[in-house]
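Provided herewith is a single structure, encoded as structure tokens, for subsequent inquiry.
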Amino acid sequence: MLCRAQYVYEAGGGEHTTLENRGQNLGNIRDATAIFDPIHPKDIMDKLLKPALTMGVRAHKPAPKKKKAVKTDGAEEEVEEFKKPPLAAMLNSFDFESVAREVMEPQAWGYYSSGGDDEITLRDNHLAFQRITMRPRILVNVREIDMTTKILGVPASIPLYFTATALAKLAHQEGELAIVKAAKKAGVPYMLPTLSSYTLDEMLEARTPDQVVFSQLYVNPERSRSEEYVTKLEKAGVQALFVTVDAPQLGRREKDMRNKFTQQGSDVQGDDEDDGAVDRSQGATRAISSYIDPGLNWEDVPWLKSITKMKVLLKGVQCAEDAVMAYKAGLSGCVLSNHGGRQLDTCRPGIEVLPEVMEAIKAEGATKENFAVFIDGGVRRGGDVFKAVALGAQAVGVGRPVLYSLASYGQNGIVRMVHMLQDELQMVMRLAGTPNIPSITEKHVITTNLADHIVPLPIDNLTHKTYQGLEPAARL
Amino acid sequence: MLCRAQYVYEAGGGEHTTLENRGQNLGNIRDATAIFDPIHPKDIMDKLLKPALTMGVRAHKPAPKKKKAVKTDGAEEEVEEFKKPPLAAMLNSFDFESVAREVMEPQAWGYYSSGGDDEITLRDNHLAFQRITMRPRILVNVREIDMTTKILGVPASIPLYFTATALAKLAHQEGELAIVKAAKKAGVPYMLPTLSSYTLDEMLEARTPDQVVFSQLYVNPERSRSEEYVTKLEKAGVQALFVTVDAPQLGRREKDMRNKFTQQGSDVQGDDEDDGAVDRSQGATRAISSYIDPGLNWEDVPWLKSITKMKVLLKGVQCAEDAVMAYKAGLSGCVLSNHGGRQLDTCRPGIEVLPEVMEAIKAEGATKENFAVFIDGGVRRGGDVFKAVALGAQAVGVGRPVLYSLASYGQNGIVRMVHMLQDELQMVMRLAGTPNIPSITEKHVITTNLADHIVPLPIDNLTHKTYQGLEPAARL
Amino acid sequence: MLCRAQYVYEAGGGEHTTLENRGQNLGNIRDATAIFDPIHPKDIMDKLLKPALTMGVRAHKPAPKKKKAVKTDGAEEEVEEFKKPPLAAMLNSFDFESVAREVMEPQAWGYYSSGGDDEITLRDNHLAFQRITMRPRILVNVREIDMTTKILGVPASIPLYFTATALAKLAHQEGELAIVKAAKKAGVPYMLPTLSSYTLDEMLEARTPDQVVFSQLYVNPERSRSEEYVTKLEKAGVQALFVTVDAPQLGRREKDMRNKFTQQGSDVQGDDEDDGAVDRSQGATRAISSYIDPGLNWEDVPWLKSITKMKVLLKGVQCAEDAVMAYKAGLSGCVLSNHGGRQLDTCRPGIEVLPEVMEAIKAEGATKENFAVFIDGGVRRGGDVFKAVALGAQAVGVGRPVLYSLASYGQNGIVRMVHMLQDELQMVMRLAGTPNIPSITEKHVITTNLADHIVPLPIDNLTHKTYQGLEPAARL
Amino acid sequence: MLCRAQYVYEAGGGEHTTLENRGQNLGNIRDATAIFDPIHPKDIMDKLLKPALTMGVRAHKPAPKKKKAVKTDGAEEEVEEFKKPPLAAMLNSFDFESVAREVMEPQAWGYYSSGGDDEITLRDNHLAFQRITMRPRILVNVREIDMTTKILGVPASIPLYFTATALAKLAHQEGELAIVKAAKKAGVPYMLPTLSSYTLDEMLEARTPDQVVFSQLYVNPERSRSEEYVTKLEKAGVQALFVTVDAPQLGRREKDMRNKFTQQGSDVQGDDEDDGAVDRSQGATRAISSYIDPGLNWEDVPWLKSITKMKVLLKGVQCAEDAVMAYKAGLSGCVLSNHGGRQLDTCRPGIEVLPEVMEAIKAEGATKENFAVFIDGGVRRGGDVFKAVALGAQAVGVGRPVLYSLASYGQNGIVRMVHMLQDELQMVMRLAGTPNIPSITEKHVITTNLADHIVPLPIDNLTHKTYQGLEPAARL
């Protein structure tokens, strides 16, 4: 259980402990600090895995009949609690997010929803799809729409997979197990996370006999531990290995960092005692090098390929040059991703990098068959899937929408979320005149403004504050 | 009457019924589900045509002297009702929209005002006109301004027609009949909708003897039914047939979908009972293929041309290639349209597609005489009409402004709405130095930014929240 | 007095009357309807010149010690009146506008501040200057800054003139007389308006012996009346004649039109009585052709030149072709203007048209000596003057800033407003490394984005409403 | 002490006084008006250095337990005072700014935070960095990140220095002394300001024996005084002299100017007594020429070089031509700067000018060794430092972040502020695949939109006010 891991960590002072199911087993929060430390600084334990949360694994807020609120005049009053809408009222992925924000513990919400620095990339990820304009064709027979496809050879109901996300138990008690099951129901592959809150074995057991999953990997400085882990995945029939290459260090997520101080209140030292030089993140950074190897580089790729027969892909590529290098290194593909906007801020969304990458790898002779390109980040609508496919992606990964729908309605929520995306994609395909996946081409979209990162000049306050805006008749 | 159709539908469980004035008669809501189903899922009946609405065909809210409102402290209070301004206070098309929003039933308003997905295209349709800049000329004799023109050979008081819109009775009891009469008074053609709330015969009877109308067509999978309908139109003297090609499936209009749940309240099943796989829209989609043929394609065009001597045009073209194919197929023209932003989101407004189309068809030898190009979507100002004409459109279609002015002031409202557009266009023509329609050319506008779909980078909250804006003296 | 003119008009039913100081005398509101009608529809008389306003010529609101305001709970309460800041607190032109908005009668404010249609051009006029970026030079001797210049050969303290604006009495009892005197004190030329609220003689008498003024002209359909008027100007020593060519019809200014209905309240007819066809502006349009000739065209230019030895310029040019035609027709210059955004909406600001015009007329051989180019519209900062000069303008016209500073502080207000602009321009010149007017060149500015008319894609509400913005520490 | 200087000034009517430590000594507010006058008009003394502020040198607001606030119903109520967060809660430079705004005296805050005219450039300075997009590389060994570098040959912990800012005592009693000490702790050079609130000697004494500082210089019209000052700097071991060339006149900072009137209240003369011609800034401008030479120009550069062996650089270059001239004149480098947006508005941020300058000087043969280019303005994130280095800057200057962190937490605040930037830069370097400063290249950033100054077209109010925005499910 999650809570045990925590207490071990607390007691052990960060030292490695020996628990059952140890080994490398990075895919399992049960083996505790060895797994959790690498990517999260100590304080994430404090704030995310506090007893109240972990003892009952309560990811949801309790549901009081009435909330107390402080009125303007200082008196308390009862206000109506948030009333969760029925699942059938969820019409799109944003609906799930809006419900999740209400029902999740603030710390868990903060952890999932936060992004790097100013969260510009976090938000730009979805907005970038709106910089792509549809160019639909008419009078095509669209009686039958077939959005099924193959992802790395695995049949899928839609060109979409659930990407790896950490600590699903913060969303829902069933955590990754619910995601495995929902993936099956929805007919899409799930990329098992290294930083799961259930053990790898538990996740694998949750599969149906015929269910195919992928896996994500953080490479350990002790190469042997990664080898063990990869071997275990391969034996369990996992089909592809996505090596994360965009997280040699934990991104600075201030919304998340902020929660800590808000929580701790006044027991934090005053500034008299603080000489300003205390730098906790330095410690965190040092810790990282113990579990995720920030020294991983292109020279390690041959070794990676040597330890498994699974397809090996890179997750986190952000420019053409690196995609070409991956192709030339004999890898099976790559994910154009900025880690959900959680790492480097003001970089490009995967969808924006896609045209540059497709052009470059084609020039090198890559084909859809020998090198698969995926994107993730900001996929919230069926139309987003369409645009990614049009520009050459084999499929898209979704992360937060899975967590948010899980947090708000459990396994069924995830399935409905996918169904909404399928509904949307079906409509887009029908209206675009593209009855199946291969018929979707780059001629169906316009990308003129895709690469524009426009920051309007600051507002002229004096002009705006002296101007009296027009009002339509009914508002006068 | 509308209500009868509904009860038939309700009782018959969606089965076809035999009513008077049956046949194909797609232009008539009286023959009920056979007509209504094709394009609208079952639930539109539930929510739009509920007894309260249909029994008295009450499209307008009742007008209570006082509304009840819940105060902050929980107590009810009386607030002043909305007071409709006099018709003469309507200065532009937005005024009608603002009044319609107040006086219409929320469901009817939701149905008319909603658009596909995020409603980006819905709104962009009008904004696109502002991406075109006027380039007026001076010292031209503009004593007399003549904005009359011919639309498909039919004289019109302004290069504008009323495009087909569904279910006008939701706006006003007189529905399409009022539109027919207003079109005559305003001197513009009306494109009769297939999905009317009055029968085709009733609409045709509302014409004056010399009044010319057009008709819109959804092609039925049973071709013979469409042939019957077209024959009827031709016999009645209808001059042109606009075949809708951008609606093989109903667009997802969430504002509209949302209304349902808001209404149903707590009697919708909880998420325990819902396995997330219930997908109502699948049903709707299947239903569609019964009445509107999603299989319609270019190979059907020769048949379309063979069944009538009316001019046949395509409504819903969105790129040059399809306009060229329409021209080469011997059709009489096309409407560049995205269905009022109700179908595919993040596509281009008709006005934006226009330059691309004009260039392409001219290169193929098309002339204004042998191939007419129209646009619709977002026309709200006389200047919008000017810009469309400048870029090569023979005329523009207006839809929602007709419904909103009908909803707020009936037939007179529509006439005034057109007069406002004429006032505006007269001014624009005089100030642009273009005394008549042929004098308006592409040199009178600048389209540099027309194709720009700019999505600014997300706002930097920290910068904005730490900055203290300037204030002019009187506000300090 | 203004009021007499009004009553004559009211009584005379729009007929011409015979008052003292008649003749053409377009520069004079005293001769009433003959002058006022041409450019303003009848209703402007009703709403702007109502007895309360005109009897005492009260342009300012009365100053109650306390205003009544309705509280949230329905009870009335007293709120503090607006307290006018001291003149010395006016730091820029916006300050005057913000004060004017508070102290002016709503109708007068509405008349001055309104623009055509959606008021996009009205606002864009100033914002366009911000699309020009400064490119300052360093280490230039800027000990002495000399911003004096000549405007059409007339010495001026700054490259700026007061352009013609109608009905200054609505701003202040001293109206145009105060402007004449302020122009002298500020050392800039004033372009006397045809539609003044004082007579031409009164305006001319307000001059000091050595003060040079210009004049604006609306050409009358009866050419002889214009000839009379021009002859009078020439005899009085007026140096240049600016013929307005962008107002063959009154712009639609809805803010202004709206005031009427707000005022009339419930005594306007309901929509039952109104058949929607009543179109008052048609009347206005017809009326216009009686006083301002919408038939004026290039063939009239030789006549214009023949009736005077004054320099003749065109006011309201908006593209290169017309500037070239003016130059080739032997005129002395032109003003690039959109009439303060009051006529045609979504056209270009004068400053944006400037580079196109300068390039075209230079190619035709025009020089600064034989063809003067001016701009007006949106000049609010000294930096705006700099940018116009850098791009080739001999000077800029300011209109509303004169009226607003007049309305708020009378003649002294105008002088201070100019001094603020001089302060600003002095700073800009010193910081740009340009010690005098001739040293200001196009190399001191960057115009890359000047012609961009960017309309961002509509906001994605779901994304924005589910996102939780970052907060800086002190706001948590 | 600051207060003495003030009283001398007040008493002496602006005359030069003879205090200890006189000489040129521009670096020292103790020698009072001779130093303070040059760059600030008389009124800055009135408003910034009023007795309450200076007697106790109280830069911080007193901390009442409760603030009085006026409630809506007119009654006073007690609201909670601002509670300063612990230093450890400061996560970025904006946090310090937000705290500074709460704890500083309004006049001091106004003085620091204000910018020229509309403060467009002030704000654009930081936003410009967001117009640069990151282009990170993967699979680079980033185990060790080394951000140390040399600035003009001086070792630094990060490519960053504290730029000269005036009057640090307004932020904190320890003023520049705290900055000197914090610079040492943080391992970065400090550019001593001429307009310091401690004497040059005091600042120099605050150094540790091995601490290297730079100095900023305003050139005096009496060249001998500047020579004295420079000689003193050189003797004290100062390593480089940054001659300010963008401030021949004080920028117009209206937020700052406004404070005066707000403060003085009703004792300012009414407009009857004011003829509008009183122009205080004229006086200020004249005063400036007494202490800072607005006549300084390129011909003075040989003299500047002749009086010292220190490296001489220009601070305030804004275009390629001037950088080239500086290089050709044999200077050691330049700072691309707009003086923190405090001087000329609507000019370019230093970061935007950088590519143009680098290209031009390289074409002339300049190298990083013989001509150092710096930028300042808007640096608020570690990523900003990265982007500047990528585009060729040797280092960046920070000004306001130093003052704000000083104001809110004293010396420790400054150190923590730098540590936060180091944390951020470390992350950016690791995630970008650039383990040390030389590895950061222009290929790691995208500058396509850097030079775009986009001002969106004014908002269409009628469209926006009639549209009903979508809401996610949880907000309905």
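For reference, chains read A, B, C and D in written order, and residue numbers begin at 1 within each chain.
Everything that follows uses one rule, which is that a contact is a pair of C-beta atoms (placed from the backbone, for glycine too) under 8 Å apart; a residue touches a chain by one contact, two chains touch by 3 or more.
On a predicted model such as this, the values are computed, not experimentally measured, just so you know.
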| item | value |
| --- | --- |
| Between chain A and chain C, the fewest steps along chains that touch one another | 1 |
| Same-residue or different-residue interface between chain B and chain C, half as cut-off | different |
| Most distant chain from chain D by Cα centroid | B |
| Distance between chain centroids, defined by C-alpha means - chain B, chain D (Å) | 56 |
| Whole-Å gap between the CA centroids of chain A and chain D | 39 |
| Interface hub residues of chain C, defined as touching at least two other chains | 85, 89, 91-92, 94, 97-98, 101, 118-120, 123, 127, 130-131, 254, 258, 452-457, 460-462, 465-466, 470-473, 475-476 |
| Footprint of chain C on chain B - complex, ascending | 85-89, 91-92, 118-120, 122-124, 127-143, 182, 185, 381, 383, 409-416, 419, 423-424, 426-428, 430-432, 446, 448-449, 452-456, 459, 461-462, 465-466, 472-476 |
| Residues of chain A defined as touching chain C within the complex | 92, 94, 97-98, 101, 113, 118-119, 123, 126-127, 130-131, 254-255, 258, 262, 380, 454, 456-457, 460, 462-463, 465-468, 470-471, 473, 476 |
| Residues of chain C touching chain B in the complex | 82, 85, 89-91, 94-95, 97-99, 101-102, 117-118, 120, 245-246, 248-249, 251-252, 254, 257-258, 261, 268-271, 274-279, 281-282, 285, 289, 293-298, 300-301, 314, 316-319, 321-322, 325, 343-348, 451-458, 460-462, 469-472, 475 |
